[in-house]
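A, B, C, D and E are the chain letters, set down in written order, and residue numbers restart from 1 in every chain.
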Amino acid sequence: MLSQVIINGIMTGFVYALVAVGLTLTWGVMDIINFAHGEFLLWGMYAAFGLWSLFSLDPILSLPVSAALIFILGVFTYFVVVKRVLKASGLTALLATFGLSMVLKNLAQMIFTANYKNVTNTIFASKTIKLGNFFIRQDYLAAAVGSLTLTLLVLTFINKTKTGVAIKATSMNRSTAQLMGINTDRIFAITFGLSGACVGAAAALMVPFTPITPGSCTLYSVLAFVIVALGGFGNITGALYAGLLVGVVEAMGGYFLGTSFKYAIIFLMYLIVMQIRPKGLFGW
Amino acid sequence: MKSVIEIRNLTMKFGELMANEDVSFDIENNGIVSLIGPNGAGKTTLFNCVTGFYKPFSGKVTYWDEAGVEQDITGRPTHEICRKGITRNFQIVKTLSEMTVEQNIMTGAFLHTNKTSEARDLAEGVLRRTGLLARKDILGRNLTIAERKRVEIARALATEPRVLMLDECMAGLNQTEIKDVMNLILDLKAQGLTLLVVEHIMEAIMPISDKIVVLDSGKKIAEGPPQEIANNDEVIKAYLGEKYHAKSKKS
Amino acid sequence: SGGKTTEKTEVEKPAATDATPAEKTDGAEKTDPAEETEKEPAGEVENVKLGAVLPLTGATATTGANLKVAMEVAVDLINNSHDLDWDIAKNEGIAALNGAKIELLFGDCQSDATIASTEAANLLEKDIVGIAGAYASGFSAAVAAQALEYNIPMICGSSSSASLTDGKTYDFASVFNRIAANDEMETKEFYLFLQHLNEKYNAGIKKVAIAYINNAYGIHADEMFAQYAPEYGFEVVAQVAYEPTITAADTEAAQIINANPDVVFQASYIGDLTMFAQAYKAYDYAPKMIMCYCGGFQDASFAEVAKGLGVNYYSGGQASAEVLSDKMPVFKYVNEMYKTKTGLDIDGPALEEFASIILFVQAMEIAGSSEPADIINALRNNSFDAPYLTVGKIEFNENGQNIEMASFITQLIDGVYQVVFPLDEYVTSEPIVNQ
Amino acid sequence: MLKVKNLNTGYGNVQVIYDFSCEVNPGEVVSMVGSNGSGKSTLLKTISGIVRPFSGEIEFMGERIDRLPAHKIVARGIAHVPEGRQVFGKLSVAENLMMGAFIVKDEVEKKKRLDEMFELFPILAERSKQAAETLSGGEQQMLAIARGLMSSPKLLLVDELSLGLAPVLVERVLEALKLISKQVTILLVEQKVQEALEIADRGYVIQNGRLVITGTGAELLESEIVKQAYMGM
Amino acid sequence: MVKIKNIFKENLFALILLALFIIVPLAVGKNADIHNIIIYILIYAMVGEGWNLITGFAGQTSFGHAAYFGIGAYAVAVLGNKYDVVPWAGMLAGILIATTLAFLINFQLFRLKGHYFAIATLAVAEILRTLFSVWTYVGSGDGIKILFRPDNKVLWLAIDVRNRLPFLYITLALFVLVFILCKSLENSKMGFYWKAIRESHEVAESIGINPQHYKVYAMMLSAAIAAVGGGLYVQFFKYVDSVVFSLDVSMIFVLVTVLGGIGNVYGPIIGSIIYYTLDLSMRRLFGGTTSGINLIIFGILLVIVVVYQPRGIMGIFDDLVNRRRLAKEKALQRLDTGTPGEGSGGKA
C-alpha cells in the first residue's frame, strides 16, 4: 500500500508542478505575485468543463483550447491590471490581482453556479493500470505525463529561445531591456499568457478527477506558492522537482501521520528545508 | 607608525576562481593606503573579506582598537566590525532610495545615539562636511550616481569610524569634483582617520596615498610609496599602461 | 426571484394593491390576483419581518443558494393562497395576526463566520422577530450568539453538529432551535440500518470505518460513530480525518481501503465525497455499503457521480426524497415549486430550511403574537405538524434539538434516491447490499 | 544624423534639461561634458526613449523619434550603454551579449558579432558562462559596452564610459572606441574630460541642463570654462 | 504653547480621524450594526499597523500574521473559558505567547529573505491552523466559544447588545495607543534602522546594524499588536476556531494596509475604512442574491482604486507633500544657476 501511496504522490506531484511552473513564471521570473493564479486554474477547469458539456470534447483533446483561453486571460490580466501597477511595490500587484481573483471567482459562480460540476466518462476516467500489486490511475497517469511534457516545453522555451531569455532579462531590469530593443510590454504579456496557458493545460488534465466549484482552486495556489519557493523563485526545473517532492511528502505524510496533517507536513518540510537551503532547494 | 589593521595570507575563492590569493599587508594608523589593480584583481573582494561580507577561505585579519587591544576580526559579522570602527562604502552604490539624503546619513549617525534629534545634529555636521547640505531633502532614488557616491561616503562617516574604506568613490566625478573628494579625504586624515582607498584614478591616488598596494589576479604584486609604484615595471605592465606612465613622467 | 435584492424586499412596503406580485409570479401560484386584492386588509396589518443568514457566496455557496430558494418557497406558501390542503398554504398571511405577511430579509455571510455575525446583527437591527440559517454549524453558532444578545428566536434548519444543542458548548440554548437530526441521532439510525441489513439480508457486516472532514461537522460525526459502534456490535477499524480542503482523496481512501472495513461511514461535503468515490472506484474497492452523514450525499450532483461510476452502495440520511412524492402531497407540492426555481429536487437541508420559516409562522399562529418572547415560548412548548417531512412532526427539547427528526435512510440506486429504511410505509425499494 | 531641437525634458514634474539643441553628424565622435547632475544622462535617456521629453524634437536620420517607444528606437539603429552598467545580473555574460543583439534576426551575424566582442574584451570570453552580477565592476562595464555594440548600431550612446575601469583599460577602450567610430557614430558622455575631448570631433558642455558652449574637441580643451570647471585647473 | 500648537498641526489628520471615530458611533445612535463594523475596522486596522511595522517598515513581507492574531484570540478564549481568566489577563497572556513565539520562530526564519521568508510565515500560520484543528484541548475543529457572562460585565467587557459603545471605545483607545506607538517608532532609531534594512541588508550591516536583531524586534512588536487585535476580536466575536489562522485572515491585514498605503502609519486605518465600507456597501446594495455580484463589483472597485492609486490611498497625500518639496527644490536650483554641481563646493 505504501508504494501505492508514493506512486499517487508522484502523480499528483506532476500536476502540482505544472501549476507551480505557471506561478514561477509570473512570481519567480517577473516578480509579480498573481493572486488570481488559482482563479486562472479555475477558469481553465470551467473551460474544459464547458467544452466537454457542450461539445462532448474530452478534456485531453480540448487541452490546447483551454490552454489558449487562459493564455488570453493572462494577457488580458497583464494589460488591464498588472501593467498599471508595475511601478509600485510588489504588494500592490498582489492587491490588484486579489481584486481580480474576487471578480473571476464570483463571475464563475454567477455563470456556473456554486454547484459542483464533474467531468465524467472521460477517456481515462476511473480506469487503472495494474502493475503487480499496485494500481496506477489512468487519469492520474495522463495528467502526470502531460504535466511533465509541458513543463519540459516551458523549460526549453525559457532557457533556449530568444523570447525566453528576453523574459528573464526584462524581469531583471526593465528599462535596460528596452534599450536592447525588447518590447517589454509584449514580453510581460507573453509571460502572463504563458503562465495562464500552463494552468489552463493543468486544468484540462485535472478535471477528470477534480470536482469543480468556484472555491476549488484556492488550495492549489497556496501549494503552488510553497512549491515555487521550495524550488527556488524563477527556477522552472526547481518547481518541477519541488512539485514532485511536495506530492510525495503529502502522500507519505498523510499516510504515516494521518491525513489531517498532510498539508501541515508540507509546510513543515518547507521550513526545515529552507533552514538548510535558504534560497530553495535549487536556488543558489 | 603602528598598524590598525593587519591582513595576513588572505585567500578567497569563488569555486575555482582565486579572487584573493595569499594577500598580506598592513594598514598603518592614520595613514592612507590605496589599493589598486586591474579590473577583477580582487580589490572589492578584499574589502568584502575585511568587512565581513565574505568569510575568507583562509588567512587572518587583525584589528587594533582605540585602546590598542588586538582583535581577530576574520569573518566576524559586518555590523560587529562596523561597531568596532571600520566602515565602508559600496563600489556599486547602494543608496537608501526611499529615504532623503539627510535620512540616509541619520541612519548612519544612529550608531552612537538613540535620540533622533541628536542623530539629526550629527547628520547635519556630516552634510556640511561633504557638501550635501543643499541636497538634504532629496530622495535617494532621485540622485545622480555621483551624488549617491557622496551620500555613501557621508553615511559611512556618520558612523564616526576610525577606519574608512572607500571603494571607487571618485569614479564618475570630473576633475574638479575629484579635487573636492581628495580634499575631503585629506581632511579626514587630518582628523585622525585611517583610510583604505580603492581607486582607478591615479591622479587622485598618487598625491594623497602614504602607501599603495597593487593586486593582480588576486595576488599582491607590489607595495610601496606612490612614486615607487608608479615606476614599478610590473605595475605599469599590468595596470597603469604605457600612456599613463609616459604622461606622469612628463609632469 | 434570484436576481432580486434584499434591499428591495425590504423597501417594498405591503401596499394594498400590489402586495406580493414578485413572489406570486415565480411561485407555482394559482390564485387570482383580483380576488386577492379584495381580501387584502388595506395596509393596516404590518408585515412580520424574519431574517435569514446564508452562505450565498464563498466556499459553501454551493448549498446556500438553494437553501435561499427553499426559504422563498416557504414565504410564498405562507403569504399567498395555494390550492393545497394545508392551512399554511391555503391561508393568505398569518391568520392569527390578521393575515399579516412575512417579509424575509437575507444576509450573505460569504461563508465566513465573522461576516455571519455582522450580517446577523444587521438583520437584528431591522426589527425582525426571528432569524434563520446559516447552514454550516460554525456560521449558525455565530448567528445564534447574536440572536441571544437580542433575545430573538433562531431556528436553524440544517446544521448538524451535536454541539449546537448539547447544552454545554454554547450558551444560546434559550433562543436556539435546530430542526435537523444531529449526528448522534443519525449515527444511531445508521447502525440500526446496518443491523437491519445483517438480520434481514445476511449482510455480514462487522467492521466499520469512517472518513471525516476535520471540522465541527466531521469531528462530531466521528465522535458519534466511534461512541456507538460497540453499543450496536460493530468494530471500528479506521478513523480517517482529512483537511477541509483537499486536492485529492487518494491517500485518505488508501487508508480506508487498507483497513478493509465492511462498511464505510463518510462525513464529507460534495467535493470531497466525489473524490473519495472516484478513488474507491479506481482502486477497485467496493464496500458493502457507504453510509453518508447528511452533507455531500444529498447533493443532487452526487447522484450523477454515483451513476457515472456505476455504483449503488451509497446510502445516507435524508429528510425526504422525491420518490415519496405520491405518498406526501404537501411534499410533492413544495418540491415542484422548488424544482421550477432550481431545476433540482429538494434535498434534506433545503427542506429543513424551508421548515424553519414555516415553523416561525406556526409558532406565531399558536402564540397569536409576533413578539419574539412569545414565539420562543410557543416553539419550546408545542409540537408542530410537518406534513412535508416523513416523520410528520417537529418538537424541540429544552436545548432546542428537534427530537422528532429521525432521519430515514435512502440509498442511491442507479442514480435515484430510494427510501430503504426504516418506516415501512415509506420504503420505496429494497436495499442492495454489495457482496 | 541626430538632431535635437529645443528639447525640454525631465522626470515627472521635475525638469532637468532646458531648451537644449545639439547635432551629431555621421562618422563623428561627439562628447558631452558637464558636472554631476547637469543632465547628461537624462539627455541620453530621452534620446533612447526611456524618458519622455516634455517638448522639443529629436530627429534621427530624418525621422522624428521622440514619440517612439524605446524598443522601436533601438530598431532604428540607436544603442545606449546606460550609466551604471545595468547588466542583467542573473544572466550569463554570453546571454547578456545575446540580449544586446535582440533585434538582430540573423543568427550567423550574431555569432560573428559575439566573436568580435570577445576579441575586443578577452576577459568576457573567459567569463562567458558566469552570471554577470558576479563580475567585478570593471568587467561589468566592459560587458555593458560590448552589449551595446552587439546590435551593430548606427549611433552609439555611451554614458560614463570609463567609470571604474583600470587606466590600461580606459586606454584600450578609448582606442577601441576610436576604431569603432569608423563604422559607428558615437555620442559619448564622459567624466574624464581630457580624454573625452581628445578623441572627440566635437563637444558640448552642459550646465544645469542648459547648453553652455560647443565647439571642436580641441577648442573646448582650450576654453577657460572647461579648464576651470571640469579639469580643476 | 508653541509646542502644543505644533503637535496639533503636525497631527491634524490623525486628530480629525480620531474625532470622527469618537463622534460617528454616537451620531449613528444605538445602531449595533454600524458599531460592529467600526469595531472590526478598528481591529483590522490595528493588526494592519502591526503588519505594517514588519512589512511596511522593516520590509519583511509576512503572509502569516494570522498566526499571532489567532494566538491572541485563542489565549483569551481558552483561558477565559477553561480557567475563568478575565480577558484583560488573557490578552496579556496572548501578547506574551505571541511575542515569545515570534522570537523563537523568527530568529530562525529570518535567515530567509524576501519571498522565501514570506512563504515561511504562511507556513507557520498553516501549521498552527492544522495543530489547532486537531488539538482537542483547544476544541479542535469545533473551536471555542466564549460563554456570555452578563454577571460580570466590567471585567469581562461583555457587551450588551444594544450598547456596544463601551467596547467600541475600548477598542478605539487601544488602537490609538498602537497608532501612537507606531508613529513614534517611525521616527526613532528603530524606525530608521528598519527602513535601512528594508532597502538593503548590506548597507544596514555596513553601518553597524544587526539586521537579524532588528527584524526580530519588529516581528515581536508586530506579533504583540496582532495578539491584542486577536484578543479583542475574540471578545467581540465570542468564538474562535482554527480558521482564524488561515491565509484569508492574514490577507485581510495585508490588503487593508496596502490599500491604504504601505509603510505609512495612516495606511492601515485608511485602508481598513475604505475596504470595509466598500465591501459592506456592495454587500448591502447588491448582496443577498445568489450570484455574488456584490463581490464582483467590490473586486472591480478594488482593482480600479489600486490601478488609479498604486501607492495606496495615502499615496495621494504623499504626492501632495512631494510636489511641494519639489517646487521648493526647483526654486533652490534656480538660485544656484551657474554653480556646477549642487553643493559640491564648486566655484561659483
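Following the convention adopted for this analysis, a residue touches a chain if its C-beta (ideal position, glycine included) is under 8 Å from a C-beta of that chain, and two chains touch if they have at least 3 such contacts.
All values derive from a computational prediction rather than experimental measurement.
Set against the C-alpha centre of chain B, every other chain centre is closer than that of C.
Taking the mean of C-alpha positions as each chain's centre, the chain lying farthest from the centre of chain E is D.
Chain centres here are Cα means. That of chain A falls 31 Å from that of chain E.
Per-chain Cα centroids separate chain B from chain C by 76 Å.
A separation of 28 Å divides the Cα centre of chain B from that of chain D. Here the spacing of chain A and chain C, counted between their Cα centres, is 37 Å. Counting partner chains per residue, chain A has residues 106, 109, 113-114, 260, 263 touching two or more of them. Under the contact definition stated at the top, the residues of chain C that touch 2 or more other chains are 57, 61, 64-65, 214, 241, 243.
Residue positions 146, 176-177 of chain B are each in touch with at least two other chains.
Interface of chain B with chain E (complex): residues 51-53, 77-80, 82-83, 87-90, 94, 96-99, 103, 106-108, 110-111, 113-116, 119, 131-135, 137-138, 146, 150, 155-156, 158-159, 176-177, 180. Contact residues of chain E toward chain A in the complex are 55, 61, 108-109, 111-116, 119-120, 122-124, 126-127, 129-131, 133-134, 247, 251, 254-255, 258-259, 262, 290-293, 295-296, 298-303, 306-307, 310-312.
Touching chain B in their complex are the following residues of chain D: 11, 14, 33, 35-37, 41, 83-85, 123, 134-139, 141-142, 160, 163-172, 191-194, 229-232. Those residues of chain D whose C-beta lies close enough to touch chain A in the complex are 48-50, 69-71, 74-75, 79-80, 82, 86, 88-91, 95-96, 98-100, 102-103, 147, 151. By the touch criterion given at the top, residues 187-189, 192-193, 195-196, 198-200, 202-211, 263, 325, 328-329, 332, 336, 340-346 of chain E touch chain B in their complex.
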